[in-house]
Structure formats: structure tokens, C-alpha cells
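Right, I'll just put the structure down here and ask away after.
Chain naming follows the written order as A, B, C and D, and within any one chain the residues start at number 1.
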Amino acid sequence: MTDLDVAALQKRLMEFAAAREWEPYHTPKNLAMALMVEASELAEIFQWLTPEQSAEVMTDPEKAFRVRDEVADVLAYLLQFAEACGVDVLAALADKIERNEVRFPPGPRALD
Amino acid sequence: MTDLDVAALQKRLMEFAAAREWEPYHTPKNLAMALMVEASELAEIFQWLTPEQSAEVMTDPEKAFRVRDEVADVLAYLLQFAEACGVDVLAALADKIERNEVRFPPGPRALD
Amino acid sequence: MTDLDVAALQKRLMEFAAAREWEPYHTPKNLAMALMVEASELAEIFQWLTPEQSAEVMTDPEKAFRVRDEVADVLAYLLQFAEACGVDVLAALADKIERNEVRFPPGPRALD
Amino acid sequence: MTDLDVAALQKRLMEFAAAREWEPYHTPKNLAMALMVEASELAEIFQWLTPEQSAEVMTDPEKAFRVRDEVADVLAYLLQFAEACGVDVLAALADKIERNEVRFPPGPRALD
């Protein structure tokens, strides 16, 4: 599968938007807003579920489809936002993990 | 750079969480909620900016750092969520682009 | 109009939920999540609009209906959340305005 | 307490913004975005809590303060947004409850 890497998908997304003349809409501000809206649509699937039900969500084919679909939308806007801002998403995450290794030393700790 | 691909970063994130005993917190529901919160922190950087100011955001080093940092956080929770649900994020996005090619034929069109 | 005050609407919302046996779903966590989802649906109406278009949104009857509808949903979940947590929303806001009067003395200042 | 009604608080918020010359920032789009960001900050308090812990959140004075503070912020932006769009929030909610009475007849029903 040749296009299953981040850079190739990012390129397809840019071409997709260009072919529909969507670039004027794609300011960093609007893309950040759209990203938040899509993240929220993903969360909506879970809002009334117990923790246990949420762990079983992918056993329901209709919900599983929605989950994959919303994950794709979140990634699509994240990659378009990153392109608009010149951010390398994988390098940004690798750097962040390194900072977090220092900030949160290994060992049990509560999340709050 | 050996670990700059999605699968390797996903693995590091899982090890990071395991080393701190965070798995009990990492239900799909909680990860979807955290993803939305991080997307919101990214959007917050832009909330009072004009479209023009938003296009210049990376020229301010302090804001550029925050943008990269929040992009990393969004991707971190997206990958952890995807792992918890068994979703392949790149395949999900490739599928979605194909569905959208059908749904929105090329040619100028307004976004609403 | 007798029931157009916050306490009366809050009471109607509680009765509405009770009549449908929704209380088990209405934990503070779930209500906070639903509130965020509804705020996001309101924001979605504006995501591709310019600042100028956003100022004219209520001149479009279909969009005006959606705006009022989403405002109602946000307020509905805010009041149900507040009830679940024993927060008096109007007193909380009055207190916050007073704190902000001290924190941001009057006079022109940029928002960032 | 004379100013503990919605209209009076809305007026204080408008005066507060005017005294700091914040009106140019307060487009409907920006206020909707800020509302979503504040709703997200409220949700953040709950993101790692179990349903049971979330029901006990107000017993922790520090968390109780944050909850009240974020509720105030959500209401502040909701009222400023509504003012900017000419929406009467209480009437909008009363209308919505009436529509929902028809849409969801009383009786037990699952939320999904």
C-alpha cells in the first residue's frame, strides 16, 4: 500500500481541498475549529456510555463505523492544520514524548 | 530517524502509559474526552485572532511552540484512542478520502 | 410568562429527565461531556464563516433557527450539570464578574 | 439581590467588555469558539474520573471552586454570544423543551 503514510495522506488532502477551491476557508483558525468540532463528534458517541460499555463500542458494527469515520475526520483536520502551519506532526509528537519522559518519571502515579 | 512513523510512536505512547500504570484511566470514553480537551486547547490559541493573524501565528516563537505542543497532544490522544479501539488511523483516513471523493465531486463548491 | 426564569426551567429539565428515567445517565461527567458536545455543535455553524459573515448569521432563517436551537441545548446541559453539582449558576457568574473586575482593571487591553 | 437575573448579568458582561474595548473581538464566531473552549475546560476536570468519582467532585473544595469557576465562564460566553446574536436564552430553552416534549414522549427510554 503506497499511500498509507502520513506525508502521502497529507498530500492527498491538500489536493482534495485544492480541487474544490477550499483553500480560502482553510485558515489555521478555521481548521483548528473544525478539528475541535470533529473531536467532539467522536466524543459524542461515548457521552452516555459507562466505562464498560465504552470498552465494548467496537463490537457494534454501526458504532464501529462511526468511530472509524470520526477518527478519520479528526486526523484529516489535524494534518491539514499542521500543513497550514508548517508543523511536522510526527516530529512534534516525538519531541513531546521526550519532554514528558522528563516531566513524568516512570512509576505509578494518579492522573488528575 | 527510526521511530518517526505512526506505529512506532503509538508503541512508545503505550509503553509510556504502562510504565505509569495509566491503563485503567485509558478507556475509549476517557481518551475521546481527553482528545476533545486537547483539540480545544489548540483552538484556544486562535480564538481572538483575525483570519489574517491566524495565518501568521507561527511567526511568534512562543505561540509556535504552543501550537506544536498542542498538535502533539491531539495526535497522542488520537493514537491512544485508536489503539484502544483497534482502529488503524491511516487506513481509516485513506478510506474516508475515497468516500469523500464520491460524495464531493471535484469542482468549486462552497463550504457551509 | 411564569416559567421564564432559570430556576423554573431547571425544574422542568429535571422533571423531563425523570419522566424518561434518564437520571442514571446524568452523572456530572456525562453532563459536562454533553455540554461540550452541544457547544461544539453551536461552533460548527460558524466554522467556515468570515468574521463579517458570522455577524450576519441571524439574517438567514434556517441558520438562525439552528443557532437558537443549539443555544437552548447548551443552556439545558449547563443547567442540568449545575443542578447535579449543586451550583447556583447566576451566583457563580456574579462572583466571577467580581473577581474579573479586580483581575482586569478597566481600560483598553488586548485579548490574547 | 438585585442583579441575580439573566438580563442584569448580561448587561454587566456587556459593560465589562465595553470598558476594556473588547467588542471588536466579540464576533459571534469568536464567542462561539470561546464558549466551546470554556465548556472543554469544565469537562477537563472530569476526564479521568470514574462516574462515582464524578458524582463526588464537589466534596473536594479545590475542584468545587474550579467547577463553579468554569460554569461561570460557560454562562458568561453563552450570554455574550446570545446578546451578539439577539437570542433570548430563556425563551429559546423554553421553546426547545416544548419541542422535546413532542419528540421524546414520556416513559422509560435509553439514551444513545
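Rule of thumb we're sticking to: contacts are C-beta pairs under 8 Å (C-beta built on N, C-alpha and C of every residue); 3 or more make two chains touch, one makes a residue touch a chain.
In this text, all values refer to a predicted model and were calculated from it rather than measured experimentally.
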Magnitude of the superposing rotation for chain A and chain B (Cα, nearest 5°): 180
Inter-centroid spacing, chain D versus chain C (mean Cα positions, whole Å): 3
Averaged-CA centre spacing for the pair chain C and chain A, given as whole angstrom: 26
For chain D, residues that touch 2 or more chains besides their own: 25, 30, 33, 36, 40, 43, 46, 48, 51, 111
Touch-based graph of the chains, sorted into line, ring, star, complete or other: complete
Residue numbers on chain C that touch chain D, as the complex places them: 1, 3-6, 9, 12-13, 16, 19-22, 25, 27-30, 32-33, 35-36, 38-40, 42-43, 45-46, 49, 51, 54-55, 57-58, 67-69, 71-76, 78-79, 81-82, 84-87, 89-97, 100-101, 104, 106-109, 111
Touch list for chain A against partner chain D, complex: 33, 36, 40, 48, 50-51, 111-112
Touch list for chain D against partner chain B, complex: 25, 30, 33-34, 36-37, 40-41, 43-44, 46-48
